[in-house]
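Consider the two complexes below, in which chain A is the common component and chain B and chain C are the respective partners.
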Partner chain A sequence: MKIINNENTFSILFFLILFIIIYFVNFFVGSAIFERTVTNLFIYIILVVGLQVFMGNSGILSFAHIGFMSIGAYSSGLLSMPIKMKGFVLRDLYPIFENVAFDPILSILIGGIFTAIIAAILTLPLMRLNDAAAVISSFALLMVIHSIVVGWSAVTNGPRTFFGLPKATTLEIALIFSFLTVIFAFIYKNSKFGLLLRASRDNDIAAESIGANIVYLRWFAIIASAFLAGIAGGLWGHFITSFSPKSFYLKETFLVISMIIIGGSFTVTGAIAGALLVTIGYEFLRWTEKVIKFSDVITFEFIGLTEIVLSITIIIFLITKPKGLFPFKEIGDTINKIIKKE
Partner chain B sequence: MFLQYIVDVLSLGSLYALFALGLVLVYGILKLVNFAYGELVLVIGYSIFLLKGSPFPWFFMAGTAIVMSIVFSIFTDYVAFRPVREKSVTAVLITSFAFATLLQNAALLLISAKPKNVPMPSFLSDSVQFLGVITPVRNLISIFVTFLCLIIFYQFMKRSTLGLAMRAAATNFNMTRMLGIPANLVITSAFAMSGLLAGIAGTLWMSKIANVFPGVGLEPLLIAFIATVIGGMRSVHGAVLGGFILAFIDMSFNYLLPQDILKFRDVFTFSIVILILLIRPQGLVKGPATGIRT
Partner chain C sequence: MKLSCEKITVDFVGLRALDQVSLSVKTKEILGLIGPNGSGKTTLLNTIGGQLKPTKGNIFKDNLDITEFTPQHRVKNGLARSFQIVRTFDSLNVFENIKSASLVSNMNYSDKIKFCDEIISYLNLDRIKHVLANTLNYGDRRRVEIARAMATDPDFLLLDEPAAGMNDDESEILLTMLREIPNKFNLGILIIDHDMSLIMKLCDRLHVLDSGKTIAEGLVDQVKTHPDVVKAYLGEGFKNENA
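Up next is the complex of A and B:
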């Protein structure tokens, strides 16, 4: 399979058009809340497509990606935070960082590379584990990263809020990064590495017998995937500008996993569709929660409905459509077929 | 001092061992990890909390809570395991994770996000002193109850027909089915026993922390995870051993590490998990011969 073929070109073009449509819809709606949601959506697309690069091609569930996202967010924030703020937020900061204030976008990129390096060091030995052991180790990795972020007050401000980041992420920047991620995911999926890794996902013994080195293939995938998660973290950090370790934990992990499961982890289209649908559903439920809360119908605090609906949806999906909405075919395949018929 | 340390390790380890045993029971037969396992402690805590105003004696409330734990454990099987059991490992992991999130948020929505006080009989926190050791009564009760449970459990697994069927299913599930053992009965009873053990351990755990909140299940779940990984995911002896080893590690860190490194304790324990998964993926104690998921 060539990397540049009709199917991939159609898929990429489809998402380019979709993204531009979303951009213009936002332009015409012109509300700040809507723009916030859309920017968040694009950042989530980077994260979920990044997760798809590893999980979809290798078939291994990873809980660690939100941890990688936090590394990206904290490291880029550390680099871009204005010098004045540093003395204020991080009192025990190491002297090397005290007079550093890079351009935010540069910081985000460095944050992504840093995350990839950390992932490269941590995950190489884990890549030979399969099934339950692989999942538990990635869960343990999330716990390790979380505990370090909470404990290392000198650079993360501990469990308290990390704030003072310049607000650099705009809708346009998020859109561009997310489109580049989509292109990368398609190229990777159909490259030699992606094909071999997918072969190992479907039958590891057969793939090894034709010379696939599964450990290294998975390792490359998780490094790329962690890089994207780090970028997503950096962009999110520079969008939200203040966050705490709680922002990168089980609740968010669950959200991202529900996106990839509902969409379908084997396809990039599925990952994007999942991000889109879950974001829409999530915002709608949050709005419902708010309406119920302010309508004085009930007196107690009304939270948690969103997660309940989300978890029921996931269970139903896994029972009825275990491979998600887009199990095998990318959107480009479908478009190509329609065009050929005519 | 040394004796105090031994008592501390034993009392914590007995709790950890019970938690680990409950998790490994299901894992042994289905080769599937139950992420909703920790939520049984949540069920225990809220059951006792909801019965707080009732005129019943405390032991009745605790008994009801343990029954609820068994019911919810079987319920987990029906909601999260049975429909997707034949599909991928990943699917079951996610459904059980989703079910855990569901229970947590149901507690959040229906009760409260704030910690709620769980009533405990006062004699549990009275201190006793013997041979220079000062320890609350509940620690001694934990040790006693756990050893009692372990003896009953081992005898049950060894002598009863159901226990034999469960051990057979853990070794070779397909063969067991072919020999006419009803698969669903074995699985349901594994979940029920898992719920019972988690229920007993959860009640003892509640007597320690004395309050309940939606996230209460995470710590017991992690304890059970780590203990089973250390001891061996496929062996009941391994799980018990793993529980005591984990308690030994935790307690030693508490005694030895200075305060500012102590906050990284979890990093050390989880690194141990990852290391053991790498060096000895089967854990310290090897389980039955076949480990293939069926």
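Up next is the complex of A and C:
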């Protein structure tokens, strides 16, 4: 299967250059707050591009993604947490975990694999479902994962904060994982599996008639997607170093879904653009909220502006540009066309 | 090679859509399946393609009973089809539509691509090779569907009204293309169409259905003058004029 064509190479190169530019902009700005935002952005790109792998190619909206992220965050944290912290944070921890403290990056990778295995087990029966049934069952899956995380105090510290993770995720590490994710997403999309899954997204009956096994194609995609969500969770956990089940629920789910809807779920370019634009918008709104709060223009407490604006933006997009900013064409297709013309 | 249906019966709620229909097609042969609207032609094609399970009866590819096979499994056994209601992959371009179908075949990758290109130029799709399917006109979409079915490298091609929605020139061109396919690609064709002049010119044999029952079968000239066929078609023409 030839998967590296011109268009793909151009897309991947474009994002490599973009990521490097972002990196250097951060370097010259030299502010800790800015660096924090940029690192978060790269983690969100892994998350949204990972979601694109399943949702974009299969056409099925999935709410479970942030649930997978939490599995990656907690499982990698459990492995990497220093031994003396463990006695402190997790009083009822099972003895086998008491004396392990792996390297954080290794823990993040194992967390991703663990998430993929859990996804493989949980999602196979769901892969037959279409449309509303598929969406609702993915939502149910998010609730199941959330409930388990809240309830399983021995390894998660329950609804309380899970803290004491080593701060291992740097901007550079987030950038590298992010770029590898982008390469994977492009290769997958143009592989045999990606092409057949996209065919089934457009017309399931016709896809079966050319030999596509839709259940397995979707299953493979959601396993890969969950792996990436798990990695993103692990990276985020080792960046923020303390979190609770609340960090992985409806608000965050809505955020990634809005990123992919605004950018366009059919394309990797769209997923990245969505993550970028929503992050910029989010930071701008947060700043506005703060300015309003301290300026005494409005005397009552002004919270939730960000959520309102994000919700309205999504509604506007769903009405006017339901397939997002990049509905079908990747950035590389456009570059290829421009180059050919000259 | 031979594809055969034996005594296929299909019951829908309150309706027997097919009643003990048997037919067979051989390699390099073109069999026309005709009959008035609602006579069960598409239903028969769906049972052969695996989109629908027959209530009774069996389908054989040579001596292999494929009645219980899934559609995916049937493609691997050499059956490919197009649909009466077009089902192109609309967000993929023409080449990707066809390439996706070639993935099941046993060829190696570069042969697959060569084969796709051969089909594309045979069906005159070169000009629109990189165009998204959702921007194509009806006639082009129908040819993309035929090309897609052919890309699976089938032994039998099942076509459900491939000329529907085409103008006279387009269907004339399609006719010439279809005529040569069995020999050029070494396969058999089972084709449904309501355009009688196209069917008469194209097919070696005809099989006529009316209300789910076989009313005639045989060589084109024999069937054309068969009293039941004349009656069924006059009846339909009469109905259409009053509609």
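We take it that the second predicted complex is superposed on the first by the 340 of 342 C-alpha atoms of A that agree within 3 Å, B and C clash if a C-alpha of one lies under 4 Å from a C-alpha of the other, contacts with A are read in each partner's own complex, and residues count from 1 in each chain.
Just so we're on the same page, a contact is a pair of C-beta atoms (placed from the backbone, for glycine too) under 8 Å apart; a residue touches a chain by one contact, two chains touch by 3 or more.
Nothing here was measured: the structure is a model prediction, and the numbers come from that model.
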Touching partner for A:G87 - first (chain B), second (chain C), both, neither: neither
Touched partner set for A:R198, first chain B, second chain C, both or neither: second
First, second, both or neither for A:F266, with chain B first and chain C second: second
Most chain A residues touched (candidates chain B, chain C): B
Partner chain(s) touched by A:F328 [first = chain B, second = chain C, both, neither]: second
Partner chain in contact with A:F254 - chain B first, chain C second, else both or neither: first
First, second, both or neither for A:I210, with chain B first and chain C second: second
Touching both chain B and chain C, residues of chain A: none
Chain A residues within the chain C interface of the complex: 1-2, 192, 195-196, 198-199, 201-203, 205-213, 266, 328
Chain A contact footprint on chain B (complex, rising order): 27, 31-33, 79-80, 83-84, 87-91, 93-95, 97-99, 101-102, 104-109, 112-113, 214, 218, 222, 225, 229, 233, 263-264, 266-267, 270-271, 273-274, 277-278, 281, 293
Complex contacts: residues of chain A adjacent to chain B: 59-61, 125-126, 129, 131-133, 135-137, 139-141, 143-144, 147-148, 150-151, 250, 254, 257-258, 261, 300-305, 307-308, 310-312, 314-315, 318-319, 322
Chain A contact footprint on chain C (complex, rising order): 49-51, 70-72, 75-76, 80-81, 83, 87-92, 96-97, 99-101, 103-104, 109, 113, 132, 145, 148-149, 151-152
